[in-house]
Structure formats: C-alpha cells, structure tokens
C-alpha cells in the first residue's frame, strides 16, 4: 500500500488567513481534507506535516519511510540547500508544488533550489496544485510498482 | 461545452523518436490520444496543433476562440516574446507543460519567458504533465462557469 | 516618387482588440489608413505588411526595393538578430516605432536589438508613433534627394 | 492599549559579550530595560522575544496579536524569505532596526530581504536604534488610532 | 493656449560647434528657431531653456507651469535621478528627444534613467527629433483638451 | 550649545505638492517647523538648507561648522560621490533620512552611496524620519560631550 | 553513398549583395557550386537548403535522412534553441560554419547556442569555411564507415 | 586540558546511508569514533554535536566553552550568516571541514559563507577531512599554549 | 605662448584640511603655486579653477580657449558623463590627474568615466601627480607645435 | 615558397597520453607527420614548435618570419593576453585550432582571448582540426599571392 | 615505495622574507625540512620543486612519475588553466595547499581554478597546511595500495 | 645612490615595429636611452630588463635590491597575480606605466591587477609615460631619503 508524506513549509499554517489575493482562501486543513479524500479513493495512506522550521523539515524528510513526498517548500524553496540535500538523498518520487505562480511574482522567487532535485513541479493552481501533485505522485508510484 | 486547444511546440512532432532518456518514449499521437480520452470523458472538445514555427503558433493563439489553452512551448519557452505576448492577450485559462524537469537541465532552460503570463505550470512528469495540465485546465474552466 | 514600406510585427494584427490599456484602441487598419492619408498628401507611395513570422519579415525586408522602411518589430524587437541583420544590410532610411513606451515596461523590453541599426526610434505615442515615424522617414528621403 | 512585540534575532542573546567594537557594550537585558521604560512611560505594553531559530521567529510572528512589531532580524536580515513572508502577512506597523550601520560592513550585509516589507528601517545608532524604533512604532500606532 | 517648455541639457549650448559628425551642424539657436516657427503655426507659446547644471534643470522643471515639456537631457539622461524625479512629479505630457541614436553609441548611453517616466521618446533624427517631439507634445495636449 | 545643520536634497522644495502617496502631505516648511520645535526644546540651534544642486550641497557641507548634520540626500543618495566625499571628511555625527522606505521602491533606489559614510540611517517614517533623525543626532552629540 | 545536407540560415540568400566587407563577394549559388564540385569529386550526394524561417530549418532538420549536416545558422546561431534541439536529436556528424570570424564582431555574436551540440565549428574563412566544413564532414562520415 | 567541540551540520546524521558515491560509506558514529581515538591519544577531551537546525547550531556555538571547534556546516556552509556570525564571535581556533571537494560540485557549493571567519578549511578527503582537521585544531591550541 | 587651464573638482577646495592620510597635507593654494612656478619656468600661462559644481565645470570647459587642460575631476571622475562629453569635444591635449591611487581604494573608484576621452592619466603621486601632469601637457603642446 | 609555423600550446606534448576520450589518441608527433605530408604535397615549408611556456610562445611569434601561423593555444586560449598581443601584431594569416569542441566543455573554455585577433578558428575535429587549419592557411596565403 | 612531488608556486622562494603577517615566518627550506622528516618517518621518498614559471610547473607535472603531488600553486591558483589541465591529466592523488586562508583575503583569491581537479584542498594553517596535506596524500596512496 | 630597475613586459621588445598607431614609433632601445640620460642627470643608476616570461619577471622582482621599480607590465597588467604578488612584497616605491591610454582600448584592458599594489600609475603619454614615471620614482626616493 502506498504511503504518501505531505510537507507544508513555513507560514502555510496561516493559509486562508493571510494575503488571500495571492494564496487563495482555503485553509491548510481544508487542503489536507481534499488530499485525504483523494488518497482514500486511491487506496493510499497519507500523512501531513507542517513546520516553519527548516531543520524540522530536514529531520522529517531524513526519517521518512514513505513511497513518495509531496512538498510545498514555500519560502524555503528559494533559500534552503539543507532541504534540497535531504530530498536529493531520497530515492523515491518527489513532487514540488506551489499555490501561486512563483514565476509571476518577485524576481527572487523565480529561482527554486528544490526544483533540480525533484521529479516534477506544479505551480499556480491554488489548492489544485496539491491535488494534481498527489495524483502525479500516486501515478509514478503505481508506474514503479507495475513497470 | 468547453473547447480546449493543445499546442505542441518545435521538435515535438518527433517525440518518442529523439532522446528518449530525456523525453520518454511516447509519440505525440499517443499523447494526443490520451488527452482525447480525458477530454471525452470530461465532455469537452479538444483540438491539437503542432508547429515548429514561432509565427504559426502566434497565429494560432491569436485566432483561437477556445475556453482554455494547454501549451508545451518546448524550445520557444526560453526565446519567444512573441508567443508570450500572444498568450498574455488571451483572457482565458492557460497552462504551460513540459515533459522533462526543465530545472534539472542546462542553465538556459531554467528561465521561462512564458511562465509569468500563464495561470500555472507543470513540468517533469513526461506524458502525464499533459494529462495533469488538461485536468487543471478543465477544472479552472469549470470553476469559472460555476464560480 | 518615394515608396515606403510599413512593417507590423507579431500580434499587431490584433491591435485594438488586446490590452487596450497598453496598446490603445486603434486597429491596425485604422493606423494604416492614417498612414495612407499622410503618404498621399506627401505624394508618396506606401505598402503595408503584417506578419507574425520572423522569417517572413526577413524575406520581406530582403526583397524590398523601397525608399525607406517604417517598422514596428513588436516582440521581435527584443529577440530577432535575423531582422536586425536584414535591416542592417539595407542602405536606406529606417525608422523603428513602438506604440507603448517600452522603457516603462518589463526589464526585458528595455533592450532593442533593432535600435542600433536603424536611423532613429520613436516610442510611446500610440498610433502617433507611426505618424511621426512616417514624417521622419519622408523628411530623410527628401533630404537625401535634395541634399 | 498598544501592545508591542520586540523580536531579537540570532546571536543577540550574546550582545555586549561579542565584538563590542561593532555591536556596543549593552546587553540584551539592558536594551530591553530601556525599551520597557519607554513603553511604560508611553502607556504601552511590551513583550520581548529572542531566538536563534528562523522557524521560532516565524512561529512567533505568525501567532502574534500585537499592535506593532519591532524587529532586529540580525543575520536573518540577509537570508530569510520565511521571516519576510511572515512579516508581510501582518497588517500592522513593522519597524526593522540594526545596532550597527549595515551599509558600512561587508557587501552581503547591504541587502536586506526584510526592508521591502516593513514600514521603516533604522540602523547604526547602537541601542538607540531600538529606542528610536519603538518611538516610531508607537507614533504610527497612535496615528492610526487617531487618524 | 498651450505653453511649451523646451529644455536643452549639458553641452548643447555648443551644438553645431562640436563633433558635427555625431550631432549635426545645426546650432541650438537654429533649432530653437525651427521650434518657434512650428509652435507659432500651431498657435502655441514656447519657452527655451539651456543649462549645464543638473540642479538648474531640476529647479526649472519644479517651477514650470507649462502644458508640456520637451527635454533633451543629453549627458544627464544616463546619470540624473534628480531630473527623473522632477519630471516624474509633473502631471503633464513629457517628451524626451535625442539628436543622435543613443542605441548606436557606447554601451553606457543605451540606458536612459529618464525614459521610464516620460510619455514617449524620439532619438536619432538630428534637429528633426526636436521638431517631431514638439509635434507629438502638441498633439497630446490637444488630445487632452478635446478628449 | 549644539548646532545642527539640516540639508534637504533635490525636489524636496516641492514636498507636499508632488506624489503625496509616496512622500506624504507635509511641506518642507511644516517639517522644518517640527524640527525647530524639537531643537528648541532640546536647547539646540538649528539651520535649514535646501538645494537642487549637488555642488551647492557639497559647498554647504564643506563650509559647515556645526555639531552634526541631518541630511535627506533624496535623488543624490544614489548618484553623488561628491556629497559622499564631502560628508566623509566631516568628523561629526551624520544622520541620513528618507521620507519613504527606499528599499520598497525601484531597484536603483536600494543602493545608497551615502549610507556607508554616515553614522546611521532612518527611512520610511515620512516626516517622522526627520524628527527621529534629529533626536538620534542630538543624543549622539550629547553622548560625545558627556562621554 | 554519403548524402550531405547543406543548410544556409537567414539572409544568406542575399550573400554577395549585402555588406561585402564583412561577408565577402561570393553569392550563395557560387558557394553551392563549389560545394557541389567538392561533393562530386568525393563521390557524395549533396542537397542545398536556404531559409529565413527558424521553423522551416527545424522542419528540414527533423525530416532529414542524410549522413551529415553542414549548417551556417547565421543570425539563428545566437537566438535559436529550437534549431539547437533539432540538431541535438540527430545522431549524425554536424558541422557549424560561419563566413566571418564571429568572435571579432559584436559581443552578442560571440555566443553560439548551436556550438555545444555540433561536432565541430569553423569560422572566419569566407566561402572556404563551407569547403573546409564539407571536407571535415565527409572525413568524419568516412571515418565512421571505416572505423 | 584541551576541549574540542565537533559540530556536524544538516543531513550528516544520515552519513553512510545516502549518496555514498559523493560522501563515502562511513557513518557519523564511525567518524566520531575515529575522532575520539585521535583526541584520546592526544590527551584532549572531545564532544560531538549533530543537528539539522541552523538555530540549534547557533545556540551550541554561542554557549560553547571549548578550546576549539571543528565544524562541518554541510548545507549551511552556503546559506547561514547566523552560523558565520556565531563563529566569528568566538576567539578560539576554528576549523571548517567537508567530506567532498565542494569546488568540484555544483556552482552554488563553491561559495562558503563560513570560510572567511574560520582559521582554516579542509575539504575533499572524506572521513580524513575530519581527522586532519582535528589534528590541525589540536596543533593550533598547543601552539597557543606554548607560544 | 601656451595657455593651460587647471581644473580642480569637488571638495578639493578643502585639500590639506580633510583626510590627510589619503590626500596629503598640501592645500590647493600650495599646489597651484607649484604649478605656477613650473608654468613660469616653461614660459607658459596658467589659469586655475575650482568648483564643486558639475555644471560649472562643464561651462568652464565649454568656454575654454586654452592650449591644454589639466583636470582632477575628483568625485565626478566616477559619475559625470557631462564632463566627459565636454572634454571629449575639445580638440586639445587633456590630462587627468588624481592625488591618490584610485585603484587602491573602494571598488567604485576604479572606474573612470573621464579616462577614455583624455590623452593620458596620472594617479597616486600626491601633489606630484599635478606637477607631472603639467609637464606631460606642456610636452604634448610643444610636440604639436614642433611636430 | 610558403613557410608555415605550427605552434602547439601547453600540455600538448602529452597528447595521446592524457584523457584520450577528450583529445583523441593521436600523439603530437603523429599530428606533425600528417601536417608535414600535407605541407610537402602543397610545396610549403613547415616548422613545428611546442612549449608549455607562455613567454616562449610569445618569443617564438615575435621572432617568426613565416607566411602564416597555425596555433593551438590550448589552455592559454582562455588566459593569455600576451599571446593575443603577439599574434595581433603579425600581419600574416593566422589560424586557431582546437582538438575538442571547446564550446561543449566547461563554461570558462567557451571564451577565447585569441579568436578576435586571428583570421579564423576551427575546433572539434580532433587531429583533423590541424589538417583543415593548415589547408585554410595555405589557401589564404595563395590567395594573397595571387589576389 | 611512495614517491611524493612537492611543488611550490611563484614567490614562495621568498617565503619568510615577505609579508610575514600573511604568510608566516617559516622559509621554504624550513617547510621542506618538515616535510622531509614526515616523509622519512612514513617511509616515503619526497622531491621538492619551486618555480615562478607557469610553464616550468606544467613541464614538471607533465613529466612526473610520482605516486602523488602536493602543490601550493600560489598566485597561479587563480589564473592558470595550463596547470589545471596538467594536473587534471594525472591519475594520481593530488592535494592543493595554501598557507593563508584564501577565503579571508581579496575577492579574486576566493576562486581557485585548481580546486575542481584535485582530490582535496587545505588552506589557512600556515606551514601546517603542507604537513597536513602530505599526511592526507600519503594516507590516500596507502589506501589505494591496500584498498 | 639611487638604483632604479626598469621592467618592460611582453612584446615590448618589438616596440616601434608593431602597431605604431597604438604604441608609437620609438623602439625599446630609444626609450632606454632617454631613461638613461634622465637617470644620469639625476645622478641615479639604472638597469633595464625585458622579458616575455611572467616567471622571469617574478624572478627579477624577487631578487631585485633596487631603490625603486618602474614597470610596464604590458599584457601581464591584466592577467598576472604572480607579478602583483611579487611587487606587493617589495617595500620600495613602484610606478606602473603604459604607453597607450589603456582606458580608451578594449574593455578587458581597463582592469589592472597591478595598479592596486603600486604607488602610482601613468598611462597614455607614449615614451613620455616612462620619462614621467622615472621622474616620479626618483622624486619619491628622494622624498624618502630627505623626509
């Protein structure tokens, strides 16, 4: 049975409460619920994790024994070599998602330190970035099992 | 009824024939078939277009009267202000997809001129980048109709 | 008798239909009409050409046997060495025009590959950029004939 | 009644003990005392927080329900997009202070990721940067109440 | 009745006397005469001002109560934030002109600090840059009156 | 008795008249009055100087025999090595102030040539930047006298 | 029997007619004749293709079934990722030639997007760049056959 | 008696488990054992500390009362000004070590924020980087005691 | 008879009074006296001019009718295109001098906008930079007369 | 009779012995033999020179009295202004060759200091780069004699 | 029996005589003696070589038949592609050492052209950089023999 | 008695024979004669040295026991850290001269690695750069003796 780890990066605990014009009005719980449903109907287990701490996220990734990771690194996308290194060491499918289109925002958000080490990246679809990302992740895991 | 335009950029006519280690082994026809099925089951119309010509793609976008565009600009991702301007003038949902993870390849492929003007971007999932992109596009169009 | 070639670059066929806050509400036909009147009253012939294709514009310039060229390269302003080379080989007066003030827009629009090889550049006056450009062109041609 | 949050960034717990030629000889407690007095005499409540952890500071800002924040981000000034995002989401007056003149030090300290999202910045006056910053913050809060 | 201010920047008092291969052989008086005629025939008032002093030009712009400004900032084009700020505060049509094609000269002349804050820019037509610029300015002022 | 010199840079004579959304609605006279009161109550003399001329400001600084200088270099902040050199030669406390948060504006305003040679910098508090700056200046002068 | 494809990029149809000081006085037909003779005497077939259209060149490369390609990408050398990608997918010897020494011209001509994906590059020998390039190509093809 | 603090940065807890082609097959415990032996035979005390948290490492350095520090900052080498500042405030010998040759890896790993504030740096010798670093550290401490 | 113009740029009126460790202890009058003696003994006339105003220096150069100019542009060395243009229009020998070695100071002082348009440059010899510069200037003028 | 000088730069004495995957398996003697034969059959004299010393190569070029130079500057391609200056002073045909395609290797090898001063450049054809280069050189020399 | 080559780059012949505050007071002979002792006690042969000539060092490396090389490239660290290429071709352990911490000195010394091709690098420990480097080298050679 | 060392860098042995439009028509012998006369009349000894070898120049500087050095580093100006380090270690007056105005030539010649470590620099006066440089050097040596 597939086991997915979902990681929400810094400030995402406040989703739906801050700058809704950029990030939409869904809370993190609402998003997790959507993902839970999707995982359930795909017969997959899913675990949620949120932290504002770069080190916690590195710890979490390091100790994870899942089939795949769905991560929205948020601000750490642009500054964390530690998270990049942690992800890069996992030999499982990895999907990076962003609520907003990071390429349409400030210059410094155009560069992702994470993107070169994940399998794929999805950005700009609000909560649906997560849902699409989970679908992509599950498909890849299935592909590996069957392929 | 939703009407989707799928645009395949330069060299994609040869998909499945060149560099399968980077682009996968699916041909463009196989991908179109997958998309056709997905569109059918969602009750949407879908039109396919491939060209190696920047100008043709600009023409096509300019004259399009669809509900949304799914585009893999391929090499023009990094060089075409004309396609960017053409897309930017459309007031419909736009999704940019890439077969490979462009952020894991040569430096000059990390910069997309197209990304800032589309709604969202999906890269790195091979043929599934298209399938996920179509799903995202249809969801957005539905959201607009219902929202 | 002076013979002027007017070249409209990519996406200008849709003028007056897209982003009127940037490009104004005049259509390309309306602008051509204004130019036709001005040419007539100056006793000059005028030919109009629009294309979204870089190669077509290069072809057109290469085969032109006019007294001067008035060109709005639009998106190709920033990306086309081929159009630059084509213009640079003509030994006639050349005027580059832009509807909007390109220096007040995105950073990548501040750099014109065309500007170094034309006689002069006019930008920011909407449809009047063309009218002023035609006047400048005719004056230069007259100056050459008389000077 | 106004409620101020004072945040001291990394290494500031050692203030007065390290490199006094750059940072002065006041300890963090001495500075807090000065601020406490100033707040008292202005009839404002004040809370102090110091952490060497980027994530803790993000947590603290995210959960804060104060009227204004006075922050010396220290080393995180130049590296933390997460703290920037946390501050940027607060709709209250925000003041950034620095003990030393960061523009007179190493090149990499000249760039503040925080400055673009705060109301104002004060640097170079040692402990007085804090005192002036508190005064500025209280004035803004008063201005909002009365204006 | 429209009132136009024409500002000639540094070294333009010597026009026609220095480097005629770059700047042409017209003196500043000759140019002013051309402009006077054009203004007269358009029924507009016109005032001329030349200075080699950045501060004087800032003063002049600050105290101007004209309907539009035609400025050749010459060397200050590339170095003066003060003139940019002065112009940017005027809520009237502003036209920047250059005798030579600044984009065909040294690299450092390709960047105009002034261009982003004016309505439009004309360069490369010698004395005619001024005449075209005046025409553009008067048309805009008329447009405002009538539009 | 302390003697303070206040220098207002280019375009500040028009304060309160231009772009109030950026610079606030206070005139330069109103600000000077505020500063006069603050100086009076601190028992200090104060002199005001405004100029749009870089050279005048250099002259003024060079001939000044005050106990401290409060300067808003405005546009010259980003372009004047001459003012930097003039300030750098004074061996008295120097405070740089800005009405707006220069780090939240155009890229070229993020770099201050002045900042590395002053004691401290205050920006973003409107007229209060001046008031806080004067306070900081007087405190430093007092500190020198007493310390 | 070896089959060579010769591709002439944009503006090369006008060779011998434009800027002979840079490109020499040979026409494209004269060059093709030289190449034809050389191919004949080496017992190889040769096909010539010229286009000003990036897309046409991509089409041509994509559909080519030759033993080797000799290409002068001209202006597209510096701007076309699409031609680079098309060439990069061919698993045959590829030679890039330039009439002029591109490293002795404008800065932007020093960078070739094509060079990293071809076997070798020859520039600066006028028409002889082509002749030498053909020789190199035939030698490589022979080497493959015999090696 | 000398007291050494050894700090292992982020992801090093997984040493020997991830990417052995880059980092070697030694675990962190094996390395610590080697260091313990070396310290013992040199008659020095040694303490080991590993954390994935930037803030924890800053805390640890701030509160350390050792004779010298041996640090492998791992990913924080390239991103942590906070650790740099913490180290810079210690007035004891400091040695930075890296398992792999950071100059032979990705461009962003060539720049160390830590290197300018330590005494020396050793990289590229796998586990032996640590052993050599400890030796260097002990020699320096001895040098200080005897010199 | 040769007529030399000596121009001292901004802040040089205070020479010998500020930062003697950088600029030496000679006053501007003392330097002028040295130059006067040297000019006298060479049978040349000499005129001295100092200003802190960029515009004044441009005026002075524009109206000068001397045989050669010796200029220490001081701070304007690095910022004034206007002085560069003024000098560039003179067809007489021009020598740029600096008291200190500008290449041994801050990065921004390494770039001279003036150097490309003068005949030669002398820097680093204190007052002797002027004396050597005058000698060089007189030699060139003599060379022109005799050659 | 034509006299050719062939210069082999640093490390080429070891050709065929180091990194054959990059440089091929031919030794320098084998290449010289090939060149000797080609020169003989063209009735030209040929001299070979190899040195690892930049200064020796400058000496050799300075004292050469040949009809043309064929040079593989190897590592000095990217670092030697001295060899560039030495070549630039010769008024004879000059050809730069490289065994490998330098544009397909590390970034710092893409820039040739030599290329702008030679007649033409050939790279990527292994030993054949030399043979083609010699042919090009002899053709140019013949062209000069006959043209 | 292991045979080590020690290479001292330019200016190191004067060690202990120049700038002792940067390079320490040990002479090159003293360092060689230390290394000799260490090599003796490890039962290894050792050869010393110093040259100020880039070419000599390339020669030496090219002709070396040692088990490992210990090199302090000094100034050539930052400028010599030739030494890099020479080292890169050796298939033996290579260690780069520096007396001073090159990362704490001028910006241009932070970049080593040599580092990417050696096994490891040690800097900042004065003469001990060499001793540690020799130890590292011998350990690697032993490791190869025994591993 | 003062003893001066004059060093001529690479290619200067050919002075007067190559590119006289840039370097003038004087040979190196003629320049040395001029310098000899000037030294004689100043009662100083003078030694001349020319080499095309970076290493030789480093050797020469390292072993020199003169009172001052006059150096024209020619091409090594822009590339030699080794010569910079050699000069930087001498505690005697050092003057850098250039025949041509290096700031009026190619961009890469504007940067001198040598300038930051010499006392002063003179460029642009042809042979007179040397004569002025010698004079400056002797004056400095005299100043040291008498001061």
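By written order: A, B, C, D, E, F, G, H, I, J, K and L. Residues from 1 in each chain.
Here, a residue touches a chain if its C-beta (ideal position, glycine included) is under 8 Å from a C-beta of that chain, and two chains touch if they have at least 3 such contacts.
Computed from a predicted model, the values in this text were never measured in an experiment.
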item: Neighbouring chains common to chain C and chain H, by label; value: none
item: Same vs different contact residues, chain F with chain I, by half of numbers used; value: different
item: Recurring contact interface, reference J-K, options D-F, H-K or F-I [over half identical by residue number]; value: F-I
item: Chain F-chain G separation of Cα centroids, rounded to whole Å; value: 63
item: Cα-centroid distance, chain E relative to chain G, in whole angstrom; value: 48
item: Residue list for chain C, restricted to those that touch at least two other chains; value: 53-56, 79
item: Every chain pair meeting the contact rule; value: A-B, A-D, A-H, B-C, B-G, C-E, C-G, D-F, D-H, E-F, E-I, F-I, G-J, H-K, I-L, J-K, J-L, K-L
item: Chain D to chain H touching residues, read off their complex; value: 9-11, 13-14, 17-19, 51-56, 74-76, 78-79, 108-109
item: Chain G partner contacts - residues on chain J that touch it in the complex; value: 101, 103-104, 110-112, 115-125, 128-129, 132, 135-136, 139-140
item: Contacting residues of chain A [partner chain H, same complex]; value: 53-56, 58-59, 62, 79-82, 84-86, 88-89, 113
